[in-house]
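The first chain written gets the first letter, and so on, giving A, B, C and D; residue counts start at 1 in each chain.
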Amino acid sequence: MSRIAFDILYVDGLTKAFGGLVALQDVSFNIAAGRIVGIIGPNGAGKTTLFNCISGLEKVTSGTILFKERNITRLLPHEVVKLGMVRTFQTTRLFRHMTALENVMAGTYLTVRSSLFADLLLLPKALRAEQKSREKAMDLLKLVKLDDLADLRAENLTLSQARRMEIARVLATGAEILLLDEPSAGLDDNERMELVALLREINSTGMTVVLIEHDIDLIINLCEEIIVLNYGRLLAKGSPAAIKNNEAVLEAYLGVSDEL
Amino acid sequence: MSYNYPLFNVHELIAGYGGIRVLHSVNISVDRGEPTALVGVNGSGKTTLLRVISGLLHQVSGSIEFLGKSLDGVPAEKRVAFGICLVPESREIFANQSVQANLRLGAYSWLSSSKMDLYKEKLDFVFSVFPILENRRKQNAGTLSGGEQQMLAISRALMAQPKLMLLDEPSTGLAPLIVREIFRVLKELNKTLDLTLFLVEQNTRLALKIVKKGYLIERGRIMFSDSAESLLEYVNKVGFTHSAVENK
Amino acid sequence: MDLLQFTVSGLTIGSVYAIIGIGYYLIYISTRVINFAQGALVQLGGVVALSFLISWKLPYALVFFITFFVAAILGIVFDKAFVGPAGRHSVLSSILMTVGGFLVFEQAIYVFWTKDELMFPAISGELPINILGVMIIPQALWIIIITAFILSGLWIFFNCTVYGSAIMAAAEKPEAARLVGINVNIMTSSSWALAAGLAGVAGILIAPITFAGGSLSAEVGIKGFVAVILGGITHPLGAVAGGLLLGITESLTTGYVSSAFKDAISFGLLIAVLALRPEGIMGQARREKV
Amino acid sequence: MDKRKNLIWFVLAIVIALFPFLGVNTFTVQLLTLAGIYATVALGLSFVLGNAGQISLGQAAFFGIGAFTTAQLITKFQISFWLALPAGGFLAGLAGAAPGYLALRFQGHYLAMVTLCFGLILQILFLELPSITGGAGGIPDIPSPFILGRAIDNSAGAIIKTFHVAWFLLLATAWLLNNLLSARSGRAFAAIRDDTLAAEATGIPVAGYKVRAFIIAAVLAGLSGGVYCIHTHYIGPEIFGVGSSLEFLIIVVIGGLGSPVGAVVGSLLFAVLPEVMRSYEEYRLLVFGCMLMLIVLIAPGGIWGLVSNRISKVWKNVKNRL
C-alpha cells in the first residue's frame, strides 16, 4: 500500500490544567497520514482529555495542535470537524429519536449543502440535497453492515450496532482522521473482531484512525503504532512489540515491584 | 491465622448497565480475615463487581451471600449496617463538609446519642491511624490533597465498623510514596482489626504484596484464582496484557 | 436619610427573598430541579395561615408551625408523586411539571379560597416606629428578626447536626451517601419538605405587606428564584446574598428611578449577571464531564 | 409519496376555504379563528420545545410584539394590514433573537428562567410604555381590514375573512415548518435536541441553529399576534403576559410536543373546551393545569401522541388482515 508520508496531526507541548490539577503535561507526538494509532494508559492518564483538547471541546492551557499543517489549537468543535477531523465519545451518543439512516444523514450536514430558505420552501436544491444525502448515508450504512436496519430508531439499536452507526455518522462528515474513544467498550469477543475488521477496512481506504482503548490485545492486534500516556505525560510511543516490552509501560500498568 | 469460614460468596453473578453486560458468571469466595485482591486491566469489570457487592448496582442474575445470608434486595444503605463498606475509586468524600463531619457521617449507620463514647473511641482510633487528619479536622474536606482525601475515604469507611472493606483502586492518581504509605496502613489494619480487605487494583504488583489470595479478571470473566505469590509470578511472566490467549 | 430608609425596606423584602431562595437552593442541590411551583407555595402559605388565624383563631406562633407543616407535606407529595417521576423523562418534563404545579396550586387557591387580595393582620401593630430617623413598620422588624432566626437555625442544623449533614451529603454525592448508610430518598424528601415549608413561612411574613391570596405573593416567589440565581444556586449563602442584593436594588430603584420599572430592572439585572457570570455571584463554576 | 403529501395539503386548503360556508354560525367561526391564531403560536413554541429541544417560557411576549406593532401601524399610521402583519412578524423575530442568544449560554432550568424573565420584562414594558402600547388601556378600535370606512364591525363577511387569514396563515406556516423538518435543517435541529454535544461533533453549527429556532418561533408568534388584533379589535397588555405564555405552553404540551398536528389539537381544545363547559369557567385553568401535569406524567407525547399511536396500531391491524 502506498502511503503519503506527511504528518496529518502534530501535537506539540500540549498542557491542560483544570485549576490546580494538571491533566496533560507537555505532551508531544505526531501521527502520519493513513496510519492506525492506538492510545493506551491507566485510568486517569489523560486520554480522553487529550481527545477533548484536539477536537476543540476543551480549551488548551498551552501548546500547539496542527492538523494538516494548520493551527487548530483555538478552533471550536464544529470548525475542527469542518477541516476534516471527527471524534466519537466514550459513551455512545446517538440522536435517539431519529432512525439509523437519519443519524448518518445528519452526519452529511457539512458535505451536502442546502440552505434554511431552500429547506423551508422545499426548493429543488433542498430536494437534490436530500436525495444525495440519503444515498451517501445508505452507502455508509452498507459499509458498516447496518443497511437492513436503516429505518430502525437509533434508541433501539444494540450497543454494537450503535457504535458502528456512530462510525458511519462520523465518516459521513467527510473526515480525513477519525478519533475513536474506546470503540470496543462493552462489546463481546465476536463484536470486537467485527470492529477490528471494520476499522481495518476503513483504514485501507487511506483514512487515518486514532483510537483510545482499554483492550490492549485489540490495540496490539490492530495498530501500527501505540502511544502510552501516564499521569498526563507521554510515557512511550512505538510499535506494539516495543511497547509490550517497555519496562516503563510495564510499571505504569503493574506497579513497581519493590518491597513495601 | 486460620480462615475457617467464608465471609462472602459471589455465585454465578451476571451484571451490567442497560443492555450491556459487563460481568459474565463471576464466582468469588473470600474467607473471613483473608485479604483478597482482584486484579485486571481497566475496563475488565472490577469496579462493576464492587458496585454490585456494595449494592449500588443490581445484578441481572446470580447471588451474593454475606456471612451466610443472601444480600438479595438489600439496598446499599442497609448493607453498611451489615458491615460492608466500599471505598470508591474517586474517593467520593463530601467536599463541602469538614473532615470531622465526613468522619461523623461514616458512623451514620450506628451513631446515636447513647453511643457517643464509642464514637469518640472510633474517632481517636482513626486519628491514630492517620494523624494528619486530626490536624485537618476542622478543614473543608475539599481542600485536602489527593493522598489525604484517600486517607479520609478509608477512615470514613473505618468509622462504619466494617467487617469487609472493598477498596477500588486506592492507588489511582497518587504519588508512589503516598501509595506505599496507604498500603502499609491497609496491611496493618487487616492484621489488627477483624476486617477483611477486598482490594481492586490496577497496580497489580503492589496489590499482590498485601493480600493472601488473588483473582484475575478479564473482560468480565474470572480467568483464575490462586495464591498471591503464584499470581504475581504469572503476571510478571506474561506482562501487562494479562491475556492468557495472546501470550501462550 | 432616604438612602437608609430605602436600604431598610430593601433588607426587609430581601430577607423574604432569601428565605424563599433557600428553598430553591435545597431542592436544586438535592434533586437538580428548579421548583417553579415555589411561588404558589408562598401564596398558599398566606391563605392557609389566614384561615387558621381568622377562622380557627389560633395564636400567631402556632400558625407559623402549622403552615410550615402543611406546606412541607404538600412539598413531599408534589415531589414524590409528580416531579420525581416526571424528571426521569427529561429536564423539560420536570420544568413542565413544576410549572403545571404552580398553575394548579395557584388556581386551586383562586377556586377554593378566593380570588381577592385579603387583608392579613400584621404580627404586631401597624404604626411605624422611628429608629434613628428611619421609619420602620413593626412587620418589617419582625420579618428581619424572624429571618435572622431562621437563617441561624438553618446554619446550626446543617453544620452541627448529623441529620443536616446527611441531607447535604446526600445532595452532594448521593452514591457516597448511600455507602455510609444514608437513605437518600428520605433526605431528598426532607429537602423538599424544608423548602416548601420555608416558602409557606415566607408567605405568612410577606402577607401583611402584599395581602394574602393575590398574585403579588406569587411574584415574590419568582423573585426568590431570581435571588438565588443571582447569588449562585450552588452556594449555601447564594440565596441570602442574592436576596439582600435584589431587595436593596429594588427598593433603591423604586426610590430613585420609578416603581413601575422596578421589576423590569431586577429581571434585567438577573439576565445581565447571568450573562457575565452564569454561576451567580457566589457560585462555583461546574464542569460537564464528557 | 410526495404526491400524496401534497394532496393532503391541498385538501386541507379546500376544507379551510369552504368551512365557513357550511352553515356554521358566526360564533363558532370566531371561536375557531381564535383556535387558529393560538395554533400558529403553538406551532412555533412546539418547534422550539419539541424539535429544537430548547425552552421558552415567554412566548406570549412575541405574540404581543406582533400584535402591538400591527395594531399601531394600522391605527396610528394608517398602514395597510397586509404590510403591518409582516412588519409585526419581523419585529417579533428580531426580538426572538435575544432569547436565542441567551440560549447559547444557558440550558435547561436556567434557560427556562431566563426566558421567563425576558417575558416578564416585556410584560412590564407593554404596561409601562403607554406611548407605544397604549399602557393599561391598550389599543382599542382596531379596524378590520376587510371593511373600509368603519371602525368596528362584526359583519359576517369580515368574520369569515379573518377566519381565512388565521387558518391560511396556520396552513402556510405548518407547510413551511413541515418542509423544514423533513430536510437537512430539520435534522440539524433534531440532532441538537437529541444530543447537543454529538451534534457539534458532527459539524453542525449549534449556536446558529439555536438562534434560528427562537427566531422562527418568534416570527410565528408575531404573525399570529397581528391576526389576533384584527380578530378582537382591541388589545391590552394583560393578554401578553407570562400567564398567556403558560397557556401556550399548556396548549403545546397537551396537544403533543414537536408535532404540528398536536399544536392544532391543543389549540382547538383550549379554545373550544371552555365554551363547552361555560358554567364552570372558574375551573378552566385548574383543569388545564391538572391536564398538563397528567400529560407530562403519563403521556409525554400529548393527546395527539396517544391518538396517532392508536391510529397506527389500527392501521397495522387492518393491513395485516388484508
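Following the convention adopted for this analysis, a residue touches a chain if its C-beta (ideal position, glycine included) is under 8 Å from a C-beta of that chain, and two chains touch if they have at least 3 such contacts.
Keep in mind that this is a model prediction, so the values were computed, not measured.
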Furthest chain, CA centroid comparison against subunit B = D
More Cb-Cb contact pairs, comparing B-C against C-D, go to C-D
Calculate how many whole Å lie between the centre of subunit B and the centre of subunit D, each centre taken as the average of the chain's C-alpha atoms.
-> 57
Would you mind pulling out the distance in Å between where the CA atoms of subunit B average out and where those of subunit C do?
-> 42
Cα-centroid distance, subunit C relative to subunit D, in whole angstrom = 33
Please compute the C-alpha centroid of subunit A, do the same for subunit D, then give the distance between them in whole Å.
-> 42
What are the residue numbers in subunit C that touch two or more other chains?
-> 290
Subunit B: which residues touch two or more other chains?
-> none
Taking each residue of subunit D in turn, which ones touch at least two of the other chains?
-> 197
Of all residues in subunit D, those that touch subunit A in their complex | 176, 179-180, 182-188, 190-191, 193-195, 197-206, 212
Which residues of subunit C touch subunit D in their complex?
-> 28, 33-34, 36, 82, 85-86, 89, 91-93, 95-97, 99-101, 103-104, 107-108, 110-111, 222, 225-226, 229, 260-261, 263-264, 267-268, 270-271, 274-275, 278, 290
For the subunit A and subunit D complex, residues of the former touching the latter | 55, 57, 76-78, 81-82, 86-89, 93-98, 102, 105-107, 109-110, 112, 114, 116, 118-122, 126, 129-130, 133, 169-170, 173
Subunit D to subunit C touching residues, read off their complex = 49, 53, 55, 57, 102, 105-110, 112-114, 116-118, 120-121, 124-125, 127-128, 197, 246, 249-250, 253, 282-283, 285-286, 288-290, 292-293, 296-297, 300
Would you tell me which residues of subunit B are touching subunit A in their complex?
-> 16, 19-22, 41-44, 89, 169, 171-173, 176, 180, 183-184, 187, 201-207, 209-210, 219, 235-236, 239-243, 245-246
